[in-house]
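Multiple structures follow.
One chain, subunit A, appears in both complexes that follow, with subunit B as partner in the first and subunit C in the second.
Moving on to the complex of A and B:
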């Protein structure tokens, strides 16, 4: 349904060019939940924004294609892409506390979104808005509330109601639970799952939290330093992670059932994207780095539907 | 809504010490200045007795503290006293004869400065850091340095003398004077459905309003620009874009309304500046308002009139800032609840 091919996004900063997304290819099928995981600065959010062509300046989409049912979004005019935003592809942002206009009633913000894309009367749109609120678990009498009168979880529900208002093919959720407490996080994850089975939209969920991503996603993409290190079905990643970065990431997940309660982490720092390392992005921190990793970038290999970018598997 | 009422009451009470302090300043300054109304009226050559009897009539022979407290006492009863010169008319009448003219000019200048400021600030803020933005920022500094009488005279020459499309002085064509209700000719002519008078009043208002408004618009340019830039970088604007809302709606319904909040404070403060700027504009355009009147009465040391005018100005500015706060609550629901 959505296919990203060789996408490269650069930020042209004053200190130099930062390649935030480097030659990433991935695809999302109908009603599929794809999770994108990686640490801060790995380019996962930028990738999400790039799909809607909303990479903030000084970012530019350098090359690649983003195909929505065969139509290249990067080739559309500003008007055409604006008709797709919110309608075919919508987005849920990270912080629900700042994602709503503080001066406007939440119901009106929902209405506005519907009216912007659908040619329907005010009454009809209002009915639809109330139904949407109920679908995300908000009572209709909250329609006339202002954002500051709602809790963080409720605001995120409103954002989700807006995102599903026009039956989108794909919803991009950028860290949708990061700003919420754990209980509410769980409710939001459940809501996403429920909506997916009810509405049948695809979901691209972006998070630094690998346990959340593994819990909700059908497929998982692991990003590091702007590159997609691994892209495979979730159960495969749990069963047999291929890329050493994925392996290290999974080792770092705290497990309360283990006796050893010390917090595991990956030694070293994320790559400086102004001066990226030669060869593989991860080699300075990789426990299994070889000579070739320091010289050349690994190619992406496809093994039984699993994509991995690592020299370990180059001959296999 | 009880809190709003309590708030207004508190604000009104706070106005009292503010006016008293201001009044004390003016009272002292007027009396430190050499000269007094008697000398200004009858000159240095008058006999001792004449001067003495006039001083007694005006109450200026009493000790200063007594004059001060008597004045305050009368003021608290709502009595601004009588003018100390020429016919000794009640100060309140003197003010009411001229204040509407100043208000009309101030509102005109206010509207022009806001419109120009919003326009230039928006143009600069929507496409920041470019050539247009730089031009707008130069505009804001340039107009702020302009001297009102100079720019007023240039306008008078270009539009009044050279192009002959607008009058250069006065408030209205005297043959079209509308029936007085509020004293604001534009309002009065509309209330009495006297359209020729309305058109005349507006035509006379254009040049002075532009002179005053142009100079004060630069402040808004910068403020609107920075406020808009801040709002445009916020998450909810990005969320609006991701929802595919048309740019026009994002700019006017979401960005500008949010950007307006800090600008509103400035509007309240600027209003006081406008009143002051109006003095110069009135002089340039022979506008029969408070400006020329106040200058004249200061020269004649008409103590009571000057004091009364200052009290009046202070109350008016306090009223405007209260109004700004109420508008705040209306725009921003976070304050209302």
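Moving on to the complex of A and C:
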């Protein structure tokens, strides 16, 4: 359904060029949930914004293709991409307080979205808005509330209602639960799963929390320093992570199911994208780094249907 | 016992508009802490776990006397410090420190990090300038910022989030405190580095034999670091126990829900308990058990009477009518 091919995004800052997304390819199928996990600065959010051509300046999409059912979004005019935004692909952002208009009733904001894109009467639009609120678990009597009267979880539900208002094919959710408490996060995750099976949309969910990503997604992409280190079905990543970064990251996550209290960390710091390391982005912190890793960028290899960017698998 | 609170309360008055004040005399309060008694033992890490709005940060500020309590007592190292003032309070401060969540906001951006760490030594007259310099270099090495002379002269902007949090820890530890409140110290740190910060805190606990009140919303992190866990809900402690019993035998439905809400990739398990709704505000605390409107096991008594924290087994306490 959506195919990203060799996407590269640069930020041209005053201190130099930052390659936030470097030659990333991945695809999302119909009604599939794809998770993108990475630490701050890994480029995961930039990738999400790039799909809708919303990379904030000084960022520019340097090269690559983004195909939505065969149509390259990067080749469209401003008008054409505007019609895609919201209608075919919509976004849910991290902080619902800053993305909702504080002076407008939440129901009206929802109505506005519907009326702007769909050619239907006011009554019909209102009916649809109420149905949408119900679909995300908000009672119709909240229609006339202002955002500040709602809790964080309810505001995020409103954002989700707006995102699914026009029956998009794909919803991109950038850290949709990071501002929420764990119990509310759990409710939102369940809501996404429910919506996926009810309306059959695809979901690209972006988060720093690998446990959350593995729990909700069918496929997972692991990003580090702007590069896609691994892209595989979640079950495979749980069973046998291939890239050493994924392996180390999983060891660094506390697992409450295990009695083992040991937790590992990855020595060193994330790469400075103004002066990225030679060769593989992860080699300075990688426990299995070889000579070649310090010199040349690893190719992306397909091993049993799993994509991995690592020299360890180059012979196999 | 390094720290003890007895029925501690903190009510914040709700500010009303001028018109509202004309019509009503009654004052409204947000009950941020509503009768909390906890103790932190020497050399222990007690985690305070709860959602935002539970009052955990307020409790942390209260025990450090950064804000004044409405009622109750705070005993620090055998001494009642509830009403301590001025010079006496100032002298106490070197023994109790705090590490904040946001290492980007807690360091002075215009001060070299070495100077930031040195500051408490000068303020508390612990060392001369020259001795202090040596102590700071030593401390920078302990927190892993080497070469220390190099890091001494850097400004916070040239450090990563993880490194800044190391500076914040160094600053807290330089006065050799007995007790440290750590308020979500790793929640803004990248996952791959969290364990290194937690390990550093554990090392100081061991070396200085100090005690922590570790405030977090993340039960998984608290499992890793703490000896005991206190679960807070809406200004009160609802369950208290050692790490093992909290995770193996959580008694309060709220604790069970918190544990069950943590995303776990493997093994994929059935959700045991999901809650609807969200934590209410501290202005309108529900009558009876404050958790009853969200509780899947509520009984008649729960909306009428308030359960108290009771001992169920050695070291394990819960405030719930299911267990009384």
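Everything below uses one rule, namely that the second predicted complex is superposed on the first by the 310 of 316 C-alpha atoms of A that agree within 3 Å, B and C clash if a C-alpha of one lies under 4 Å from a C-alpha of the other, contacts with A are read in each partner's own complex, and residues count from 1 in each chain.
Basically, a residue touches a chain if its C-beta (ideal position, glycine included) is under 8 Å from a C-beta of that chain, and two chains touch if they have at least 3 such contacts.
Owing to the predicted nature of the structure, the values given are computational and were not obtained by experimental measurement.
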item: Which superposed partner A:249 touches (first subunit B, second subunit C, both, neither); value: second
item: Contacts of A:218 with subunit B and subunit C, given as first, second, both or neither; value: neither
item: Which of subunit B and subunit C A:54 touches, first, second, both or neither; value: first
item: Touching partner for A:90 - first (subunit B), second (subunit C), both, neither; value: first
item: Of subunit C and subunit B, partner touching more subunit A residues; value: C
item: Touching partner for A:263 - first (subunit B), second (subunit C), both, neither; value: second
item: First (subunit B), second (subunit C), both or neither touched by A:3; value: neither
item: Touching partner for A:185 - first (subunit B), second (subunit C), both, neither; value: second
item: Subunit B and subunit C footprints on subunit A, overlapping residues; value: none
item: In the complex with subunit C, residue positions of subunit A that touch it; value: 39-40, 151-154, 181-187, 189-190, 208-212, 214-216, 234, 238, 248-249, 252-257, 261, 263-267, 269-270
item: In the complex, subunit B residues that touch subunit A; value: 234-236, 238-246, 249, 253-254, 257-258, 331-334, 337
item: Touching residues (chain side subunit A, partner subunit B) in the complex; value: 52, 54, 56, 82-87, 90-91, 93-95, 98-104, 112-113, 116-117, 146, 148-149, 159, 162
item: In the complex, subunit C residues that touch subunit A; value: 51-52, 160-163, 190-196, 198-199, 217-221, 223-224, 247, 257-269, 271, 274-276, 278-279
